[in-house]
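Inspection log for the structure reproduced underneath, given as structure tokens.
Labels for the chains are A, B and C, by order of writing; each one numbers its residues from 1.
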Amino acid sequence: MRQASLLFLVRRLVQVVPVVLAIAAVNFFLLRMAPGDVADILAGQMGHATLEFTQQLRREFGLDQPVYMQFFYYIGKLLTLDLGRSHLQQAPVIDLILDRLPATVILMLTSILIAIAVGIVLGVAAARREGRLADTLVSVTALVVYATPAFWLGLMLIVLFSIQLDLLPSGGMYQIGAGRTGLAHALDVAKHLVLPSVTLGLFYVAIYTRLMRASMLEVYGLEFITTARAKGLSETTIAWTHALRNALLPVVTLAGVQFGHLLGGSILVETVFAWPGLGRLVFDALLQRDLNLLLGILFVSSVVVVFANLAVDLIYGLLDPRIVHK
Amino acid sequence: MNGLALFWRRYRRNRGAVAGAATLALVVVAALVGPLLYPVDPFDMVGRPSQPPFGRFPLGTDVAGRDVLAGILNGARISLVIGILASLAATLLGVLVGAIAGYYGGRIDDMLMRVTEFFLTIPSFVLAVVVVAIFQPTVMTVTCAIAIVSWPSVARLARGEFIAQRDREYVKGCRAIGMPDWEIILLQIMPNALPPVIVVSSLMVATAILTESGLSFLGLGDPNLVSWGYMIGVARTVLRTAWWMAAIPGAMILVTVLAINLVGEGLNDALNPKLRRR
Amino acid sequence: MTAPMPPVLAVEGLSVEFRTARGVVRAVDDLSFTIGEGETVAIVGESGSGKSTAAMAMLRLIADPPGRIVAGSIRLDGQELLTLDDASLRRVRGRQIAMIFQDPMMALNPIYTIERQIGEVLRLHLGVGRAEAFAQTVELLRLVGVPAPEDRARQYPHNLSGGMRQRVMIAMALACRPRLLIADEPTTALDVTVQAQVLELIQELKTRLGMAVLLITHDLGVVAETAHRVIVMYTGGKVEEATAGQLFADPRHPYTQGLLQAAKWEESDGVELREIPGTVPSPFAMPTGCSFAPRCAAVVPRCQTDRPALTEILPGRPVRCFVAQGAAR
């Protein structure tokens, strides 16, 4: 069994390779389509780079060679995580990205975990009260949230909780200059995390609630639920064990698909809350028209999403014992 | 006629969908005739900046003293135009890919689905941002960028429909009499595969409007046109003193997107009665 | 004749209705029967006869809405089940009355191990710990003839064959030594060779554990092998009841006769299936008289207008048929 799991892991890892290559190809294509000289973009200095430096980049990226050779050079560079330079901060793109990635990952993980937890609870609750007032209320709320632009929701939450009620900070990741360390720092970050993660997560709460509800209702129609009742289990036990774990399977699959979307939402939400992650970096890059930095972010975030999907697949394997044998 | 009556009877049963259609109709009318009835240039500085609503200007003025109502009316045009065009383009591309993959199957299917999955995987909003940034923001590029990130879901759906249809008797019959593939795909199978696709692409209009608002909020909108997302982006700086300035265009987005989603669900009930969701 | 023993299960005047979009349907109508200790009673009938609904009603497992028990009494060892509160009802379910279903693949939760699913019953009703539950689970699996029970216990339903799964279901049902086992089409989803084994197992365990068995089936072959008494149901009501011997030797209701005829043909070669002509009437369009009249070969004019009552034509032989009742007069 363990061997089968390992095989599964290796197979999935191998499947990742062409996807990463395809991402690189898209990047290369976009780079070639961008206005201006490729070496200038890579230099990240918008024409202000020294001739010497652009010449060096030309050599490194094989820009004096035919296009297909350039492609191979480019892929080679990407695979060694050399994404060129950013003129934003006069630093290698990869350094800037890796610097910001943790904040984005924290925000995304917090949001998705909140969303899954709340979505499960609401979805199960709604399914158990199918057709009653609570169910309708949950469904209608989900529909409204589903239609709310996250960045706008964030602004409105700032108005309410930061400006009017003065309960939570309106932006940033921690209080600058406070010099907190250890637990105090963690708590400070958590406090700053509340609004952004709620903003980003709420949309997914709506999605998971609707999905969970539908999935639970489907599972409730299956015969093993009758068996569980015939065994004398209480409705609560049945809902949270037998029904929930089966109903989770399609929801987990969806969570994987959602990661790319989540990252997009994260960009907007980070912009709203000045959260120092990739999204904020995108905003800055846009202001400075730093195309190379943008391309780098596209590459890295795509790769992150691919691996997040891989992780979800593995979790799915843990949840569904049938999967290994397929 | 009879089919239309049946359609309406099924649609009408979903009260939310009827309300959604009415709301959407209002938005459409506002977009079509609003700027004619209220002919104020949304870029003109008409008064003191940051005036609250219900004063000299129905919805107040923004940070640059521009009329918010004029912006809302003109923004409705942009949102709807981009939403609908992007959804149409994505549907065309998606159906094309899905139809070919589903009809032919085999290696073509494998290859096309790999591409589709790939586009489903990469962060679509980031891709849209990069595409618009590289090609400069215009209505055209924004529409294309949204279409590029939206077509895969249509492709998957259309493929499923074509797979379900391709071995039916009537398709076999068409093949037997030597009908060319493109004719079978377009004239025979397509009408049967279309209903669920219509539902998905109507829902896609809503997503496209959300994406467009996000892009223009980041400053990636056509600089010559006012859009709701742009208005929110502008109002951000005065959130502390004039929260309504951001609230109004956002509420418009919410209402429009909600209405479209409700219409989409109504279409689903009316067009796919067998697939009634619970 | 032995001294009358108090019945384990006594059902009286049970009626179940379903509220549907097209109106109220009576799925079980005024059903009464008893099951004694160590006795196997079979309910037979085509699909739509209400036999499965009746079985589900024993444990109040009918989903409400749309279904509802509207009248009657179900007593287990003298205790009324229909008025029990939820908590007390749950103590009856799985402990005093256990149930097995037609398709064990569907009836077992696919994502839990066998051990988890059987152990759950033990821990719930007997309050045993995890380790004890495992030990007892292995014992139960051994009891129902599952080879290598320690290994099997740790496996999932999809790792087992159909017959093994039904044995697991039986082990789960027997975990608390119930007074009554309800088996709803327990062999229908199984291979023919496995069917006999499973039936034998149920019989053997019934004797060994001294429980009562309510067997729901459409298969008269199964009835002949296992049941003491047989209740024939049609459109929600009992049309005939007899000991298995009497029923097979001397069926009185034309419907029973038709069923037996059909079974004989099936048994002989199965080439030409002789079925009772016609179909079960729609519950929305019940005939005014006898509900079997439209399909009945022995029909007389009165059958079209009056509904026959269930009357004993001989001691212990109630039949719901004017013709049979007339013949007995």
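Operating definition for what follows: a residue touches a chain if its C-beta (ideal position, glycine included) is under 8 Å from a C-beta of that chain, and two chains touch if they have at least 3 such contacts.
It should be emphasised that the depicted structure is a prediction, and the values quoted were computed from it without experimental measurement.
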Contacts common to chain A and chain B (chain labels): none
Chain pair with the greatest number of C-beta contact pairs: A-B
Interchain centroid distance [CA atoms averaged], chain A/chain B, Å: 23
Averaged-CA centre spacing for the pair chain C and chain A, given as whole angstrom: 53
Geometric centre distance via CA averages, chain C-chain B, whole Å: 55
Of all residues in chain C, those that touch chain A in their complex: 56, 59, 61, 86, 90-95, 98-99, 101, 103, 106-113, 120-121, 124-125, 156, 158, 169, 172
Footprint of chain C on chain A - complex, ascending: 222-224, 226-234, 242, 245-246, 319-322, 325
Touch list for chain B against partner chain A, complex: 16, 114, 118, 120-131, 133-135, 206, 210, 213-214, 217-220, 229, 232, 236, 239-240, 243, 246-247, 249-250, 253-255, 257-258, 261-262, 277-278
Chain B-facing residues of chain A, complex: 18-19, 22-23, 26, 30, 33-35, 130, 143-144, 146-153, 155-156, 158-159, 163, 214, 217-218, 257, 259-261, 263-265, 267-268, 271-272, 282-283, 286-287, 289, 291, 294-295, 297-298, 301-302, 305-306, 309
